[in-house]
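Listed next: structures, encoded as structure tokens.
The two complexes that follow have chain A in common; it is paired with chain B in the first and with chain C in the second.
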Partner chain A sequence: MVKRLYVRRSVNVIFITLLTLFLIFPFIPLIIWSFTKHWPWPLLLPEEWNISSWKYLLSVSGRALEGLSNSLIVASLTLLGNLLLGIPAAKVLAQIEFIGKKAVFSTLLAPLFIPYTVSIIGMHDFAIRFTLLNEYVSVAFAHLIVTLPYFIATIWFQFRLIGNKLQEAAVSLGANRWKVFLWIEAPLLLPSVLLGSFLVVVISLSQYLPTWIMSGGTLLTMPLIIFPFANSGDSSIVAAYSLLFFVPVLLLLMVYFLLVRINAKNNLQIGGEKDAIRANKHSN
Partner chain B sequence: MQLEQINIQINETVIIKDLDLQIKPKEIFVLMGPSGSGKTTLLKGIAGLIPFTAGKQTWESGKGTTGIVFQEPRLFPHLTVIENIAFGLRVKGTPVRERNNKASAFLKRLQLDQLEDRYPHQLSGGQQQRVALGRALILSPALLLLDEPFASLDTSLRTDLIDWMYSLQRKLGFSILWVTHYLDEALSVADRIGVMLDGRLQQIAAPVELFQHPSSENIAQFLSLPNRMTRLQWSKWFKGEIKVPATKNMGWIDPNHMQIVHGEHKQENITNDRPSSIITAVVTKVKPSKEGFSVTVSADNLPLDINMIGWGRIPRLEESVKIKIPFEKILWYTK
Partner chain C sequence: MWRMNKMIHQLNKHKGLLGILPALLFMLIFFVGGAFHSLNISLGGQDSMSMVVHQEKFWAYRELINSTFFRSLGVTVGMAAVVAVLSGTIGLLAALYLAERSKHWKWLNIIFQLPVGIPHLLSAYLFMQVLMQSGWYSRIAYYFGWIDSMEAFPVLVHDQWGTGVIMAYMWKEVPFIVLLISPFIVKLISDWKEQSIALGGSFSQTVRWVIVPILLPIWVGGMWVVFAFTIGAYEIPALLARTSFGSIPVTAFQEYSQFGLDRQAVAIAMNMVLAVISFVVGSILIYLQLQWYNRGRRVW
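The block that comes next holds the complex of A and B.
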């Protein structure tokens, strides 16, 4: 029994190590490439090292910070749109029965199945007609179409898990719809909202075509800066930008895990009520 | 609380039909009925979770409040025991300190005072259900609605909680509309029992009255009354005219009142003071019970259940036996 447990643990460790290596491995050449201009095959390491790509990236003409901030602004707007539209949509789809529900669900998830070019052509037409929109907003709108299905699917699943029995209990205790959402559903949804938000931001950060079409190429986000270099074959610059691009994603991932951990630790106490109750208890 | 001509319709299906019901102050009214008869729908309607399609709900005091406890505790998993109990007070806007004091005091009454900081998943099934009861009772509802609250618990825990709930109700004096499908549960707490079939309240009566005089064969069948025979069959076994009102065309007898007798027995005339009949039957099933044996026999191709008290000679399967049926113990009702 003990031996079997030991074998199982060893297999788990080996599997996790291999998976980690598989995920980390692509970053090693990326880091090396960002410090050299020339790394021909079959050399194991480049013969010359320099930081010219990093210098260019941090220079005014590199526009890395502009790209990064534009990407983050668009991603934030996209996330806001997802939160405002996705949560009510997921709730309705998960908890309310109505005629044509499957058709609505399919429509909302359509961007996942419809070929990308179809959506892009539609977006292009939209961009021409609505030139009055701020370019951040119009780009965020395009990103919203791309990300909303992922967000809705994540939240819908959680709403399905929650069901409607707890809400019914809360209503029987006098809670109105808003209190039910705020005090019961929102805390229970939080892990899914965090995961969905992380997905939305990461997907939004990596969008190239929707950004280019909706802004006419004028709003420089990180993918719009990186792609021309990738076309020209400048691997060193592309590697440096890609690593910079990875920083906010990594930070977001860390924030996500931190929030999930805090959420699990506090078991989703709202409004510091638990502290207030404890303080009161000790004072008695 | 009074309900008059209540109808509840969901998706074109009428679940509750023209229902009238009055729950008296401090009364425990037990509502029974088969699955799908509309018991839970009625409770949800009274609690305001489902709208009435038609009818009127009124309170003796003008305005009344209800609390509902479901079969599953439905505790909020992200809140502690004390926060769950205080939830209704929080909704009402009671300040934290005040609601905390009330909830703490209530926890003692619920025998949960050591568990206030625990989360629902850290409690046993019985404790969870007590928290659910406390969460509803802290709001001092005029009427507590219980939807099979102990059905998912094991028998001994269920019995303990029924006793606890009964004494709590007698102490605090609120009314209860208690849905259950357990007869023993109903009999141990009910002041009155209502039987609901197909969305209608078919009979309301005191427990004894309900068993002695079911208002129809459907009710008798639902209550699983044993040894139900037609008047014609009884008159055949008693070989004479049966002196009960003509409208009473069905009769049942408790298995404890019949006997398997040995030796020669003479048929008694049913006009005697203590008439009884001896019929011949064949044993078809024997199973042990707490008191002795439960024997099923076949007489005139009709099954009869007989309880044998004590652990004497066990009848064998296929054995021909004589059954003594006391006429006075037959309870008559209209089909």
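The block that comes next holds the complex of A and C.
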């Protein structure tokens, strides 16, 4: 019995170790490649190091900063759209029962379950007919289709956890809809809004096909700049671009953790709120 | 006038529902509407931007009825299914393990969430770098003396079976499944562990009787998301599969971007077939889920 337990435990450890190595290993050559131009087989580490790729990247012809700023503009517009459309929708879906709710919910989550390329080709055709839309805005619309399901699902889940009791108490004390939202729901919702926003920005930054189709290949966001290089095989430059791509992601991650921490601290000062949610969760 | 009053009354009664309208309209107009507009173009309807007027309706779809396309379809759907099932299984095992252990090893959780933030394009590139015959893994193999020449390392990129493609997808999708289900597993374990210990059950019995029955819909839903994504995604097969592999999104995008507006209809038709397949697979899954609810959520 003890022996079987031991065998099973070591199988578990081997499985998780292999999986971890599988996840981490690909990063190592990427980092090495960005600092060398010449790295022949079978050397494990290159003999000469230089930063010429990074220099090229940050030069004007490297277009890295242009790509980064385009990506960030589109991501911010996408995030704005998600906040405006997603939060009210998630609130209704979590709090109100109505006929056809399942159909509405499935429509909103549909892009997760059905490939969206067809819709985006159609949207592109719409957009070139009515040339009133700015390129950034129309690409952000395409990204909004991709990201909105994730955002709504995240916020919906949090609304379900918050429940309805605190709001009812506030209404019985004479608060109106907006006051309830502002003073009760918004603070409790903040962590998941931050998580959802993080997801939205990361997903938006990484879109290749939707951006290409919607802009006709003309709006150079980071993935559109990287792709031709990745295909051509200049390993050093792609590696540098990829690492540059991680910079906004890591920064956002840090901002996210910082905001979550600040929020948690504030909540502690207000006091008791968390216990209230917890009690509520259990009674649900 | 009373009709008006009644309408206003009705409106007031359902005022809470207004919040859903913007998002719903957005999806209906752009996701559903865009798909219908595409469908219209691909049917060769009169409002296609194309200069060439095809008299025949459905010409784009008729063009797809040939053995090459069916072979490609088989490859694309099969690959997506393999990726979905493999990453679902490995992701579930990893999530269970992490939930049991994560108190000791927080950094493991962070490692498992790293790939979520990295685009598919880069995951394709990362795997190109490590799996090529001149790549990093082959250097490691040489270093340990397992192989003595570059050619002795197996062909994993641009190969016949799409090994590199599947691995690059797994690298992205296993962490996705873990991210999706681990909050539920952590909550279920904390809710049920003591009770099942009190009743004399082991951890594996808790998994089998409590966690899996509650988790199954989310887990299968997650695999469907992976399947739907993989079946329609472009970057990884474009970089890691060889041209003759015939992944449909790649072929469709070539038709769309390189051969002008006339061929746009074919590109749409190809993507439409994929969307329909994903929809049908999903409908079967939902049907099976309802059946399973009726049978009282028994797993095996």
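In this text, the second predicted complex is superposed on the first by the 223 of 284 C-alpha atoms of A that agree within 3 Å, B and C clash if a C-alpha of one lies under 4 Å from a C-alpha of the other, contacts with A are read in each partner's own complex, and residues count from 1 in each chain.
Heads up, the rule we're going with is that a contact is a pair of C-beta atoms (placed from the backbone, for glycine too) under 8 Å apart; a residue touches a chain by one contact, two chains touch by 3 or more.
A quick note: this is a predicted structure, and the numbers were derived from the prediction, not measured.
Asks: Using the superposition on chain A described above, determine whether A:122 touches chain B (first), chain C (second), both, or neither.
Replies: Only chain C is touched by A:122; chain B is not.
Asks: After lining up the shared chain so the two structures overlap, which partner does A:261 touch, if you call chain B first and chain C second: first, second, both or neither?
Replies: Neither chain B nor chain C is touched by A:261.
Asks: Would you sort A:55 into first (chain B), second (chain C), both or neither based on which partner it touches?
Replies: A:55 sits against neither chain B nor chain C.
Asks: So, A:9: does it touch chain B (first), chain C (second), both, or neither?
Replies: neither
Asks: Which holds for A:160: it touches chain B only (first), chain C only (second), both, or neither?
Replies: The answer is neither, since A:160 touches no partner chain.
Asks: Quick one: classify A:104 as touching chain B (first), chain C (second), both or neither.
Replies: In the superposition, A:104 contacts chain C only.
Asks: With the two complexes superposed on chain A, say which partner A:202 touches: chain B (first), chain C (second), both, or neither.
Replies: second
Asks: I want to verify the contact counts: of chain B and chain C, which reaches more residues of chain A?
Replies: After superposition, C is the partner touching more of chain A.
Asks: Kindly list the residues of chain A that each of chain B and chain C touches, one partner per complex.
Replies: none
Asks: Taking the touch rule as given, give the residues of chain C at its contact with chain A in the complex, in rising order.
Replies: Going through chain C, the ones touching chain A are 14, 16-20, 22-24, 26-28, 30-39, 41, 49, 90, 93-94, 97-98, 108, 111-112, 114-130, 134-140, 142-143, 150, 171, 174-175, 224-225, 228-229, 231-235, 238-239, 249, 252-253, 256-257, 264, 267-268, 271-272, 274-275, 278-279, 282.
Asks: Would you tell me which residues of chain A are touching chain B in their complex?
Replies: The touching residues are 165-166, 168-175, 179, 183-184, 187-188, 267-269, 273-274, 276-278, 280-281, 284.
Asks: Inside the complex, what are the residues of chain A that reach chain C?
Replies: My answer: residues 12, 15-16, 19-20, 22-30, 33, 41-44, 84-86, 88-89, 91-93, 95-96, 98, 104, 107-108, 110-123, 125-126, 128, 141, 144-145, 148, 152, 202, 205-209, 212-213, 217, 223, 226-227, 230-231, 235, 238-239, 242, 245-246, 249, 253.
Asks: Quick one: which bits of chain B touch chain A in the complex? Just the residue numbers, please.
Replies: Chain B reaches chain A through residues 44, 47-49, 66-68, 70, 72, 74, 76-78, 80, 82-83, 86-88, 90-92, 96-97, 100-101, 104, 116-117, 119, 132, 135-136, 139.
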